[in-house]
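You will see chain A twice below: alongside chain B first, and alongside chain C after that.
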Partner chain A sequence: MKLDPRTKLFMILVVSAVVMMSATTPFLWAVRIVMTLIPIILLIIEKKYTSAFGFTFLYAAALVMTFCFINEASATFFKTFVTGYSGIVVQFMPCLITAWYVVRTTKIGEFMSAMQKMHLPDGITISLAVVMRFFPTIREEYSSISDAMKMRGISLGGGNAAKMIEYRMIPLLFSCVNIGDELSAAAITRGLGGNVRRTSVETLKLHVSDWLLITAFTAVAVIFVLFKYVL
Partner chain B sequence: MSENIIEIEHVSFKYKGSEEGLLKDTSLTVRKGETLLLTGASGSGKTTIIRLINGLIPHYYQGDVEGKVTVAGRDIAKTELYELAGVVGTVFQNPRSQFFSIDTDGEIVFGPENVGLDPRAILERKDLVVSEMHIEKLLGRSLFELSGGEKQSIACASVSALLPDIILLDEPSSNLDQGAIRKLAGQIRMWKSQGKTIVISEHRLWYLKDLVDRVIYMDSGKIAHEWSGKEFASFDPGQIEQLKLRPLEVPDILSPGCGGDCDCDGSCKVDLTAPDPAGGITLKKFYFSYHRNPYLIFKKNFDENDKNLSLCIPRLVLPKGAVIGVIGKNGTGKSTFLKCICGLEKDCKGIIETDGKEYKGKARLKLSYMVMQDVNHQLFTDSVESEVMLSMTEPDKERCEKILDSLGILEFKDKHPMALSGGQKQRVAIASAMAADAKLMLFDEPTSGLDFNHMEKVGHLLKTLAESGNTVLVATHDPELIELCCDYVLCIENGKLGYMKRV
Partner chain C sequence: MTEVVTNNSNKLKAKDFITVGIFTAIIFVVEFACGMLGYIHPFIVASYVIMIPLVGAIPMMLFYTKVQKFGMITIMSVLIAIIMFVTGMGFLGAPLIIAAGVIADLIAKSGKYKSFKKTMFSYGVFCLWICANYFPVVITADAYRKSLTDGGYSAEYCNNLFLAINYKTIGILLVLCFVFGCLGAVIGKAVVKKHFEKAGIV
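And then the complex of A and B:
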């Protein structure tokens, strides 16, 4: 199933707004859990089973922790730690799942086309597109650097946390700067950043599934605002 | 006499912040439809000329430019870069950093979209380019999964899609294997037949010698020689060596039976003259796959009978104290092999046996050291000296200086490793390997993109390392390097051992 990038952006927007409003009643909790299930189902439809399963497991575990084990007596260090940890997961996981889904399923061309349709300035569109382009690159670079560190036995920075970060960040920054530089050079020789209006071969149309999701997420947003601030 | 399409008149250039000029009063004209090769040592100004033509100098890389560059009737200094997009197309050296998109389709249409063509016209062009280049099977894929050669094909396609009259290639073969280079040559031939003007900056010459109309030899920022393509192709090896260029013919040592990068279908076998296990390093049970077996609780170790193994070497004896060239196509498992040997792939449970000792798991990390293709990834500290000390279990300044001296980089010991040149960085990485007392040194493509002079130096260095008792494995696509320094070649095919033989 192909969703319009605009729908996806709307999903991110709603989910981020909802996670910032804490759920207080069981009904709101239910709404929130249903909302989290939507991107998980979408991931399954896209055949990303591993990540769907992983997210579900983490989220479910955190939910169970939060509801079953936490009471006023949670005072020991371990319990406090678990409470805090699962609280954060329950609160922000929905956002992470949605963002993951969007990044994994959106092509840069589609994304840029959607941004243009919404009449956002090219400057913003291009910068965001570059950020998207850079995620996989950073991951690749990071894993080579980790390999190099393992080989020298300095993965743990010799027990020094600052060194551990320094050793990772310095080569990463250097290679990202280099790649970014070459990347921009290659992009502008192919006409990026001209004063011509960019066109796009991606034809974007909101389909039934898009409207359904937009309705569903609007409903979630409305319910949260109503129940928290009006009623 | 056809018209001149590129005119460079008395141009001098130096990058901002650098003292020395990279280009000194250079003039060059290129006729329409001509195929021109720029060659010469690294840093002789080839890339600078490419950048002058595509306008990256002075619009992107800043510096002092004197003189005038005219391309297709436009004064480059007064033309905006995006106006040149449909006129000049550039294929760059590094496939991984010239993509803007994540998917292949998006990349091909990226240029035409930028110049604002009608979407329907763009799709027509895309179809045209795809069918011309026969890359149908690459469509709809993620660029991050493609091999180097495939990436370079997409880069060519995305340049083609803008239908430029002038195509520039900046060391396009650096990261390619022989098969992919032949494909690239075919691509250039096609462009040539379409009447495009082509300028190529390159160290590898064998695939170009019959393609080019004119050869320019650059030396320290000046055009030192100029020959016609025919003249150049008839040069004998001695002349080429004097010019410090890579040879015009690929040495035939990778045959017999196996042409070039080993296309044989299992017809060649492991050479029986391989050394006996007593004096060698024995590798046992090296199995690895990127396609993990699904598991819930217990991880199942890979074994010989698994399907989809990316690496399957039940047993292999490596001669000690030798330089062994590891060859094979792009994506056939050379890098995987090296990574598994030095223990970076945890799921590979291979055992290394040497001097009666067994090394398993993490112990392999101590025994071996890999110098990566991109050495920037393995330099962590702020001075060459501390970089080397980092590898020592007991910091020993004297030994560190000795090592640096033996590699000829003692004078840089207080410099920041990132401030050094590519070759010097490589030496720093080698110094760390020596400091770590690695017996097995692995090199992943140490000479890609190097000129002959630097390649020769690397070759000698590898030899010296082997002579002092290390065993050196070097994965490479450069037959020249193998001829220079390798005692054995080891061919990997689809993760399996193709053959190993003495050179």
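And then the complex of A and C:
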């Protein structure tokens, strides 16, 4: 199933807005959990089983933790730690899952043409597309750097915080700058930043599934606001 | 060297946008890594004003060497505001983040993006975006506390958080943020000189 990038952006918008309002009643928790399940189901449809399963497991574990530990005076360090972390996972996981789904399933071309259709300025569109594309790259580069460091037996930089940061940051910056240069060369070859309006091979159209999802997420937002602030 | 030749006009080009994107991603990763530590203890949340300016200074100083036109720092702040919203930090801080970005951009511009003194101040001001994340804590203190306890944080965490961040300390935090931004700029500059200028990247 292919969704329109605009639908995906709308999903992100709604999820981030809902996440900011805290759930106070069991019903609101239910709404929030249902909302979190939608991107997980979408991930399964896209055959991303590992991440779907991982997210479900984490989210479920954090939910159980939160509801078991909540309102208890968490005296020990470990307890504070666990409640803190599961609280944060429960709070931000919906955002993370949706963002992950969007980043993983949206091609840059689709994203660009959607942004262009919404008449956003070029500067924001291009930069945002690069940011989106760059997170996986940073992770890859970082793990290569870690491997290289392990091979040479440098694991923690001798316990010196400044060294630890330096050893990781500098190589990362080096590779990022180089990748950036390559990226600009590739983008300019494809006519990015020219004076003419770019066309796209991707024709964007809202399908039935898009409308369904938009309706569903609008409903979630409306229900949440209604039951939290009005009723 | 070719950069200098092609960057004559004042209009931003695709290459500049890509540079902005890359460095925003790096800054966000720095912010995220520091942010993860904050859940250990609320005092660490307050110490973001020290940690993030210092660590973020290295990529930012490298970024500043690539900034030659007005707008790049502004776009970066807009992107940070968008990312902060998407990751669930709320939109209260967004105007502050963008304002910090525009002012930082103007300061750096007044030094023609070359004067180190101006760059230092500019980075100090830019760092104030970190304080924007405290905004919900300060302005909507009561509602925020409730949402935290509802969200599963312990009462102790909340007490400490509000002890460290309230409308009295926010001024100190802002000043600290600026001071450590300037200090970070000096360190970052030294690091960039040590590693990148020698390698000929800058």
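Following the convention adopted for this analysis, the second predicted complex is superposed on the first by the 224 of 231 C-alpha atoms of A that agree within 3 Å, B and C clash if a C-alpha of one lies under 4 Å from a C-alpha of the other, contacts with A are read in each partner's own complex, and residues count from 1 in each chain.
One rule holds for everything that comes next: a contact is a pair of C-beta atoms (placed from the backbone, for glycine too) under 8 Å apart; a residue touches a chain by one contact, two chains touch by 3 or more.
Note that the coordinates shown come from a computational prediction; the quantities given were computed from them, not determined experimentally.
Contacts of A:Met20 after superposition: chain C is touched, whereas chain B is not reached.
By the document's definition of touching, both partners, chain B and chain C, reach A:Ala187.
Shared-chain residue A:Asn160: touches no atom of chain B or chain C.
In the superposed model, A:Thr215 makes contact with neither chain B nor chain C.
After overlaying the two complexes on the shared chain, residue contacts for A:Asp147 are found with chain B alone; chain C is out of touch. After overlaying the two complexes on the shared chain, residue contacts for A:Cys176 are found with chain C alone; chain B is out of touch. Once both structures are placed on chain A, chain A residues 129, 166, 170, 174, 179, 183-184, 187-188, 192-193 are touched by chain B and, in the other complex, by chain C. Considering their complex, residues 54-56, 59-61, 80-86, 88-90, 92, 94, 96-103, 105-106, 109-119, 122-123, 126, 144, 158-159, 162, 339, 342, 344, 365-366, 369-370, 372, 374, 376-381, 390-391, 418, 432, 436 of chain B touch chain A. Partner chain A is touched in their complex by these residues of chain C: 12-15, 17-22, 24-26, 28-29, 39-40, 55, 58-59, 62, 71, 75-76, 78-79, 82-83, 85-88, 90, 146-157, 191, 195-196, 199, 201.
Interface residues of chain A, counted against chain C in their complex, comprise 12, 16, 19-24, 66, 69-74, 79-81, 83-88, 90-92, 95-96, 99, 122-124, 126-131, 134-135, 138, 165-166, 169-170, 172-174, 176-177, 179-180, 183-184, 187-188, 192-193.
Interface residues of chain A facing chain B in the complex, by the touch rule stated above, are 107-109, 129, 132-133, 136-137, 140-141, 144-145, 147-154, 166-167, 170-171, 174-175, 178-179, 182-201, 203.
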